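Got some structures for you, see below.
Across the two complexes that follow, chain A remains constant while its partner is chain B and subsequently chain C.
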Partner chain A sequence: MEIKELRGIKGIVAAVALLIIFFGVFSSFLQLEGNVARGISEEYNKLAYRIAPNNLASWVYDYRGIDTLLETGVIYVGAVVSVLVLGRGLVRLNVPEEEDIVKVSGMDLKTETMPVLLKYFALPVVILLIAYGLLVVLEAPTSGGGGFQCGVIVSSAYLLSVIIYGKKSPLNMRKKALVAFGTFGWGLYVLMGLPGYLVTGYWQYNVGADLWSWVSTFPGAVPDALKAVFGEPFMLALQLKEGISYATSGILPIINIGESFNVIGAICLIFFAFIYGWSDSEEGASE
Partner chain B sequence: MTIFPLALGEVTLTIVAFFLGILLGTQLQARLSRRTTLLILIMSVVAAFLFEAPVHYSSVLGGVFAEHISFSFKFISATIGLLVGKSLRKEGGIQ
Partner chain C sequence: MNEPITNLWSVPLLVMIPILTAIVVNLLYNKARAIRVISIGAAIAVLAISVVSPYGFHWFAGHPAVNADGTYTFTASVFSWKLSLEYYYGPLQQILIAVTSLLLLFVVVIATKSLSKNYGPYVAIVFLTYVSAAAVIMTNDFYNLWIAVELGSLLVAGLVASSGTGYAQKAALKYTFFSALAGSGLAISLGLILGITGYANITDAIHFLMTNDLGGMHAVLYVAFAFLALAWVYAGGLIPVHPLKSDVYRSAFPHATVLLQAQSKLMLVAIGIVLLRMFGALPFAREVMLSISVLTMIIGIVMALIQTDFRWTLAYIIVSHSGLVTVGLSLGTYKGIVGGLFQAVNDIIYMSILLLCCEMLLYFGKGTSIKFNGGIAKKSPWLAAFVILGTFAASGIPPFNGFQSELIIIQAALEQSLPEVAAVVLMVSISTFIALFRAVYSIFLKPGEDHPVRQSEAKRFEIPTTVFVFLSVLLAISFVLGVYPQLALGFLTESALKVVFVPWVP
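This part shows the complex of A and B:
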């Protein structure tokens, strides 16, 4: 848009909008001094180690759990929409319905002529990559990693497998399986909010760690049985300078697993649509 | 080093890794020879040694054998789970 186009009503609307934004931002800067609330971050940092040694995991999946849930939703919805848009497969995009699908020879590698290195090591690498993805998601509470990373690693294993072996890839994820992974993951994440909501009124309150029950104004109390079910299996003994401190990540590992399956389903679904195309009648990889 | 885990969290996730490995392993459609399977397992153990157990773990069941000798049992468990899951699916695909 050029400046000339801002004449008339468009120009007036633009000028009014800019004035509102200017005064809004300017006045907020004037009110800034002495009114900045530091929020709850400092207190939470002091408590977060009681959930998991990896403070970042506590922040992302506990403190900002609902935010991450919505981000997960965005990823999955984005993947589904991408599949709907590109679903016929890149190869088919510019080809009339009547014509056959263009055959891409690069996708049909013959394993007999494969280099020795790829022939003997590609499949083990794919399997070990998946195992690494699982390691990353399961070690999220104690070290770096998480559901997003696991999803991306497993998806890269899927892509690697397809690049090397072509359409008849040994990591033969079917369409239904990918959809099931995605929905299972998202569903698991959402459902993990239910126990906390039922006993405290806060969605995704970490009933296993039960971090805030000491606050007198905190509504509801987590029953010991619920605390044991979600907390005991993930209990760790942290050897600190002050002595041994017991910490449980509670629902965090379960949420992470849900997150990872959601991302696996979402990203692999996009890869699937690019590779095999999409239609209700086809099963894709199985054909 | 302790014989029994101070806390259950050091063991639980290894078991979870096994079952998740089975779940994803069912998506593998490959015929693996014994030699390849052995190669995968050896590579898995080597990788587990390189990854090490998390610094907060302290028991043998968590993978800690000495101060600087520890294994990521989750990785080995996930690999075994993948191989078990693969065997549950009918064979085919690449040989």
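This part shows the complex of A and C:
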């Protein structure tokens, strides 16, 4: 649909619909102001100190971990579909008469005209960005940030290096490696559900933190060895006003690492395909 | 009565096995043999799991529910506020997921046999489409419902675009753009419901609404209903987005459309049931749903009648029959809901028969145009038999399954003193027969006035053995459900009863 098609009756209908939607949403928000029910969030807040000090990490990756797993899937699928449209994995029926596949070529990226100053400036920025990304993902359970943010930061480092240096980019990742990044990332996230499933029956039960095996109706038990493997490396001593409390975020840091790999693989692959197009031979930035 | 368990083993496997399969086959990319073995194995596994699984809940991440006195529990028999994300696997979920798993198996076998190389990403998208459908029908959580719909919309676009043709990419792009509205609508609805109740769990949110005075917040509830209904319309392809959805059905390979239409039906059922559970008691809510459904039925079938290509005819009949499913649900009565759910099961089955027959026309290189075809029945009598019997099933002609569900919906409409709705259902049924038989006659039965380019072709067309088996299985199911509907109704009645009498129970 083009903008000119919105002239006349279609445009009036669209404008009226938008006005109704705007009025409905805006008036609802006004009514909710000061009346928002706290619901289950109070319980989450009560338990905050027992998992990750960054309560948001507990919400996103533990209590709502399966939501985030599927959200991670949205990023993964976004990459698969975007790159598919550009040529990776387009399929045809093995039949006599099929319509032609639309070929999409890459951008005409010219880096020769890039100022020398930028070329000197970009490399340290890329290194700093990657270091910052690593910091953000490793500190996910204790401060703001996490796998998503790390992935976006590292991807922007990749894009910067490709724009400045082109095929001679120091951050030269092969397209197969980028696909493997995504595979490893989402796969790691999915598989972190397995230990909890095998010992308690609950998928993605946090065996490192093991919050609930003391409840009488809890089925199963977490072996000490498993608790040690997933819990001890991430143990923190929290100074609360009631005294020191030991807490571990358990599997959450590992999930965040998986998340970051997924986002790096997905976003960099989309960049790669848009800049260089796609052919099934190893070419483009990889050479 | 047995205590419902909260760590049902099958639920995570029904989601995680397809996800892991998708990840692996996407990585394998063009290793055709490995992809074929892994994907068929995984499809058989999820089918087996869906069939043998008992019923119960799965509380992902294993957090307990909070009792009124602040203690924690892992039992689901008494109402308590859930800390975990909850999925439920009951009889309704079982029949819908089992049927979809069967179709997944068929689609994977056909895809890995009939497509050119490099089908790893395609098969990955097929498996993830299944995941989105399974998640939507099992989840008892608004937030998760939103994400599953969002994921599902993107996958539909991927499945359509993978054929790489210009019109397919255009259809995929349009659908992606507009289906973003479905996700946004659901997100706004979720936000408002969370604001009013504080709970993303559907049971908990309904319980909150039933036990608390909302004061002057009913208007907010209506806005939440409107946005959830918008998501329902977009995800299921009801009016006014029927052109987008029919474009999608027509542009994908017919075997992919088998899965796409199943996914749409599951979304219509899942979101429709949530609408009834959450907002069914609101004045005018069901009337709005019913109006959308009736209009979808009428417009869909009218569009089907004027098409000159079998793929387009099927695309619009799928849209029209989506309205048939939602008419039953929108009636909101026990019988209506049973009829709507049964129609969803039946529709998935008989449309799959017709779509696979349509795919065979592509195999034969004859195209699917009504104008340039003819005489296929002579060259492939079995295919003609399958398509004619599929047409009978889709048109509600006994002894096939479509008859039983349409009869229940008509009875439900009459019991609600809505003879006009019953008449429209009847009209749609007859028009379906006309639209389909017009195409079937032109392509299969009319003496061959072959396409000029193909006049030299006089050989017989053989249906591949696997597809012959799949068509036979689907036709047998269609016949058995038509003769003995209790076989399916036994899975559906419990859900319908819960929606009507205890809506907070998933």
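Throughout what follows, the second predicted complex is superposed on the first by the 212 of 287 C-alpha atoms of A that agree within 3 Å, B and C clash if a C-alpha of one lies under 4 Å from a C-alpha of the other, contacts with A are read in each partner's own complex, and residues count from 1 in each chain.
Just so it is clear, contacts are C-beta pairs under 8 Å (C-beta built on N, C-alpha and C of every residue); 3 or more make two chains touch, one makes a residue touch a chain.
Worth saying up front: this structure is predicted, and the values here are computed from it rather than measured.
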item: Partner chain(s) touched by A:Gly39 [first = chain B, second = chain C, both, neither]; value: second
item: Comparing the two partners chain B and chain C, which touches a greater set of residues in chain A; value: C
item: Touched partner set for A:Asn172, first chain B, second chain C, both or neither; value: first
item: Which superposed partner A:Val154 touches (first chain B, second chain C, both, neither); value: first
item: First (chain B), second (chain C), both or neither touched by A:Glu139; value: first
item: First (chain B), second (chain C), both or neither touched by A:Glu259; value: neither
item: Which superposed partner A:Trp212 touches (first chain B, second chain C, both, neither); value: second
item: Touching both chain C and chain B, counted on chain A across the two superposed complexes; value: none
item: Of all residues in chain B, those that touch chain A in their complex; value: 6-10, 12-13, 16-17, 20-21, 24, 27-30, 32, 36, 39-40, 43-44, 47, 51, 54-58, 72, 74-75, 78-79, 82-83, 93-95
item: In the complex, chain A residues that touch chain C; value: 24-25, 27-28, 31-32, 35-41, 43-44, 62-67, 70-71, 73-74, 76-78, 80-81, 83-85, 88-97, 99-102, 179-180, 183, 186-187, 190-191, 193, 196-197, 200-206, 211-212, 215, 217-220, 280
item: Partner chain A, residues of chain C touching it in the complex; value: 5, 7, 9, 11-12, 16, 19-20, 23-24, 26-27, 29-30, 58-64, 66, 72-75, 81-85, 111, 114-116, 118-122, 124-125, 128, 131, 135, 141, 143-144, 147-148, 150-151, 154-155, 157-158, 161-167, 169, 172, 188, 192, 194-201, 204, 208, 215-217, 219-220, 223-224, 226, 253, 362-363, 365, 367
item: Sites on chain A touched by chain B in the complex; value: 53, 111, 120, 123-124, 127-128, 130-132, 134-135, 138-139, 142-143, 154, 165, 168-174, 177, 232-239, 244, 246, 248-249, 253, 257
